[in-house]
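One chain, chain A, links the two complexes that follow: it is found with chain B in the first and with chain C in the second.
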Partner chain A sequence: MLAFELFMQGLVQGSIYALIAVGLTLVYGLLRILHVAHAGLFTLGGYIGVLVTNATGSLALALLTAMIAVGFVGMALYRFCYQPILDRPPYVALIASIGLFIAMEEIFRIIFGPYGLSYTAPPLQAPIILLGMNLKAAEILTMVGALILIGGLGVLAGRTRTGIAWRATVKDPQMAESFGIDIVKVRYLNFFIGSALAAAAGVMVALLNNLVEPTMGSVPSYKALAIIVLGGLGNVRGTLIASLALGVIESFGTIYLGFLLDRDAIAFAFLILVLMIRPQGLVGRSNG
Partner chain B sequence: MVEIIGAYQVSLITTMGISVILALSLNLITGFCGQISLGHAAFIGAGAYGAAMLTTAGWPFAAGLAAGTAIAAVLGLVVGLASLRVRHDFLAITTMGVGFLFLGVVRQQEWLGGEMGISSIPDAGLGKGGYMVLVVLIAAAIALFSVHLKRSWMGYAFDAIADDEDTARMVGVDAARYKLTAFAMGTGLAGLGGGLYAHDVKFIAPDSFGFIESITILSMVVIGGIGPVWGVIVAAAVLSVLPFWFQFIEEYKLLLYGGLLFAVMRFSPGGLAGFVAGFVAKHKRRRAAAP
Partner chain C sequence: MLRLEAMSCGYGPFSAVAELTLQVAEGSVFALIGANGAGKSSTIMAIAGHVDLHGGSITFDGRNLSGVPARQRVRAGMGLVPEGRRLFSDLTVDENLTIGGYCRAAERTPENRARVLDLFPRLKERLDQAAGSLSGGEQQMLAMGRALMTEPRLLMIDEVSLGLMPKMVDVCYDVIRRLKDRGITILVVEQNTSRALEVADHVCVLESGRQVWQGTAAEARADSGLVEAYLGLAEAQ
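Showing the complex of A and B:
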């Protein structure tokens, strides 16, 4: 029974990782940028979620506001921060992104204070008994929400004209452009969707912990980088598998590896191990 | 020495000197050899823990420092082996992972002090002034070594690898050997800096060697221009003492570092050195154009 509970906890955590990492891997697939500041958008999403919920009392409205607002912020980041340095060596964008992320965390700290914010009336804390297990409603929402959002993304990418243009651009930007696809529009769309998913993850983490704080993005940020490498940079399916796998491995690792290293180091031990054996990542093709 | 320039200045210069040592050590790897590392604090930490454990156990200061350096260099050599497997973005993330792994392991080890770290590290026995002189001399020696290295055969090989590793290999540069050498030297010196840091502040904990510390050192190298020795020295010296000079900056230190890191990459990727070189070139052109 303990094993099953650990497994479910792992899936909840893995769903959060998936929502964050998908946006990151999409940006990498399209632009070859390691977008560290992505986790800053995750934090921003959490803050907007708590502020709007506290102001209006509606979690659904908060989730929607966070996703749309953060989506636009993501587009602005692309326009003003990344677009001008796209033709420089890759480390330029990476370092710029790290700087941006640290600055964002500091700005959250200065504006909202170092101790974070909580819900005045935390929604969805009711316990639900599922398969003999005690889960919080928020945990169920996280899993179902992640499933719906990522499923929706799958439908968008697989079944619509926009999605086809998007995938074509990821595959071969030049060819896509010569077929009349507006690749700049695709990039904006990419940043909007990726950022909105990160914001949704931020709202859900805020629900699970009933807390948002300036540094809540740090650990997910670096872990998400590990995840997208494990998933084979730019590979969405691989990223989803790696996210859920890591969530579950961490969940068990905390119990069985705790004496050796702490929870947050497990991802990186796993990452280094995998990279040494398969430099192209756990799943998929080589493009590094 | 302390009487002449005051205790405050002595501790300031010591901090500055240690930062210069650490920035120059990363500059060997990232600046000279073009291998990006986001986990430099792990090697600083390895040197600091190694030296502090040994001197606390009764070893003489110099021996502890040397052992810390060696421990960091060996660890660096292992990570250098990773740089032979993965490149560019993958290497950046691997080194970042090494940083987190170091922290995660050290935190859980009771014999390394766990979360609490190591306190009451013995004094180096040189006095505050003597210690400052030692740090400055070591920093100067590393600076001279860097300048010499840059002009040596090895420096050219590093340059070639940083520029385009595949081409370097094609013309017969043994990239693997040079990369490992760069990692071993850079991380060894980081360990030396770490040992000096531990015996300066006399207290170390895992949090002193986190990701932010890696980024702080990296921002010194980046703002200095990634490579140019004098640029990195100036950036390290200024960035390390800014928070002391302007007390209000302490509160916004990370905002400043992060903002600068972003601004330099976005607007002047050549850093300080690139900016000055551009300015001088412009000035010369203007003078040449003047009648």
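Showing the complex of A and C:
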């Protein structure tokens, strides 16, 4: 029973990693940029979630507001930070992105204070007995929410004309354009969706920890980078698998190796191990 | 319908084609031939809007295309089968056709797809297969089908026969003839000169980015010196 419970906890954490890492891998697939500042959008989502919930009492409204607002902020980041340097070598964008991430953390500190914010009346804390296990409602929401959001993304990408155009653009932007696709619009869509998913993750983490703080994006930022490498850069399916795998490994690791290593150390030991055995990532192909 | 006036194009400072003048008449087949590196693909990509003009002009239906982005050129009626085909390899055959029809209203896709599958029945059984898993011949069919989904009035095909077995080449040329009968204007780049001369009305020979000969296909066939000097050379590649 303990194993099953650990597994479920791992899936909850993995769902959060997935929501963050998918946006990162989407940006990488389209623009070959390592979008470190993505984790700043995750934090921003958390702040908006707490503030709107505290102001209105509605978590649903908070989630929606966070996703839409952060989606637009993501588009603005593309427009004002990345688009002007797209034809420079990739490290230029990487450095810009790291700088942007640090700046965002400082802005959060200045605006919201260094100690973080909490829900005045934390929603969804009631325990729910599911399959004989004690889970918080917030944890179930995290898993179900991630499933719905990522499932929705799958439907968009696989079944709609826009989604097909999106994948075609990732594969060969010049050809996509020569078939009438507006690749700049595709980039905006890409940033909107990726950022909105990160914001959703931020709201959920805020809910699980009942805390948002300026630096809450730091650990996820480098973990998500490691995850997308593990998933095969740009590969959405691989990224999802890597996220869930990492969540579960961490969950078991903290129990069985916790005396030796802390949670993050276990995660990175796992990443290093996998990359030593399979440098091409868990799923293998570099694109997909 | 298509007119190049002293068109020069290239990559950054590098010039690939210099002062090329040619005119493709509505409903005709125009063949662009020459050895490797002569500038054939650059010419086609300049017409499609992917290579920068260094001088001269390109007009399509009397409209000067300078400054018109590639995605508007396809809407204006230019279909492209690029060098190397460049299919969206991890998308399915059906999805590749959908992208082909992207520049037209979604409601037109089923009708256009039916027309393409009629032309290339082999693709019908492979609709859900990834484009990258098709054979070379099937990939060429899909590349042509994808271009036809754009409802082109001018179809540009870079390398019709390259890497295909003779039977496949026959299929492709057969389709080109049928498209011509439907009134589609066609610009082909071809290494296999004799095949090109069979269907072409007009021929232009490029060498090192310059035009060295231009005339009707009948003249080209009659001019044995020309065939030896340029075409034979291209054939030997």
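Keep in mind that, in the parts below, the second predicted complex is superposed on the first by the 283 of 288 C-alpha atoms of A that agree within 3 Å, B and C clash if a C-alpha of one lies under 4 Å from a C-alpha of the other, contacts with A are read in each partner's own complex, and residues count from 1 in each chain.
The rule we apply is simple: contacts are C-beta pairs under 8 Å (C-beta built on N, C-alpha and C of every residue); 3 or more make two chains touch, one makes a residue touch a chain.
The shown structure was predicted, so the numbers you read here are calculated from the model rather than taken from an experiment.
Participant: Between chain B (first) and chain C (second), which does A:164 come into contact with in this model arrangement: first, second, both, or neither?
Facilitator: second
Participant: Would you sort A:2 into first (chain B), second (chain C), both or neither based on which partner it touches?
Facilitator: After superposition on chain A, A:2 lies in contact with neither partner.
Participant: Have a look at where A:172 lands relative to chain B and chain C in the superposition and call it first, second, both or neither.
Facilitator: second
Participant: Go through the superposed model and pick first if A:93 touches only chain B, second if only chain C, both, or neither.
Facilitator: Touch status of A:93: first partner only.
Participant: Examine A:111 and indicate which partner it touches, taking first as chain B and second as chain C; both and neither are also allowed.
Facilitator: So A:111 meets neither chain B nor chain C here.
Participant: In the superposed arrangement, does A:126 touch chain B (first), chain C (second), both or neither?
Facilitator: Once the two structures are laid over each other on A, A:126 reaches no partner at all.
Participant: Looking at chain A, does chain C or chain B touch more of its residues?
Facilitator: B
Participant: Identify the partner contact of A:229: answer first if only chain B is touched, second if only chain C is, both if each is, neither if none is.
Facilitator: A:229 contacts chain B only, not chain C.
Participant: Contacts for A:268 in the overlay, against chain B (first) and chain C (second): which applies, first, second, both or neither?
Facilitator: first
Participant: Need the overlap of the two footprints on chain A, from chain B and from chain C, as residue ranges.
Facilitator: Touching chain B and chain C on chain A: residues 288.
Participant: If you look only at chain A, which of its residues touch chain C in the complex?
Facilitator: It is residues 161, 164-165, 167-168, 171-172, 174-182, 287-288 of chain A that touch chain C.
Participant: With touch defined as at the start, can you tell me which chain B residues reach chain A in the complex?
Facilitator: Result: residues 36, 38, 82, 85-90, 92-94, 96-98, 100-101, 103-105, 107-108, 211-212, 215, 218-219, 222, 252, 254-255, 257-266, 269 of chain B touch chain A.
Participant: Which chain A residues qualify as touching chain B in the complex?
Facilitator: 32, 34, 81, 84-85, 88, 90-107, 110, 218, 222, 225-226, 229, 233, 258-262, 264-269, 271-272, 275-276, 279, 288
Participant: Using the touch definition from the top, list the residues of chain C that touch chain A in their complex.
Facilitator: 48-50, 69-71, 73-75, 80, 82, 86, 88-91, 95, 98-100, 102-103, 106, 146, 150
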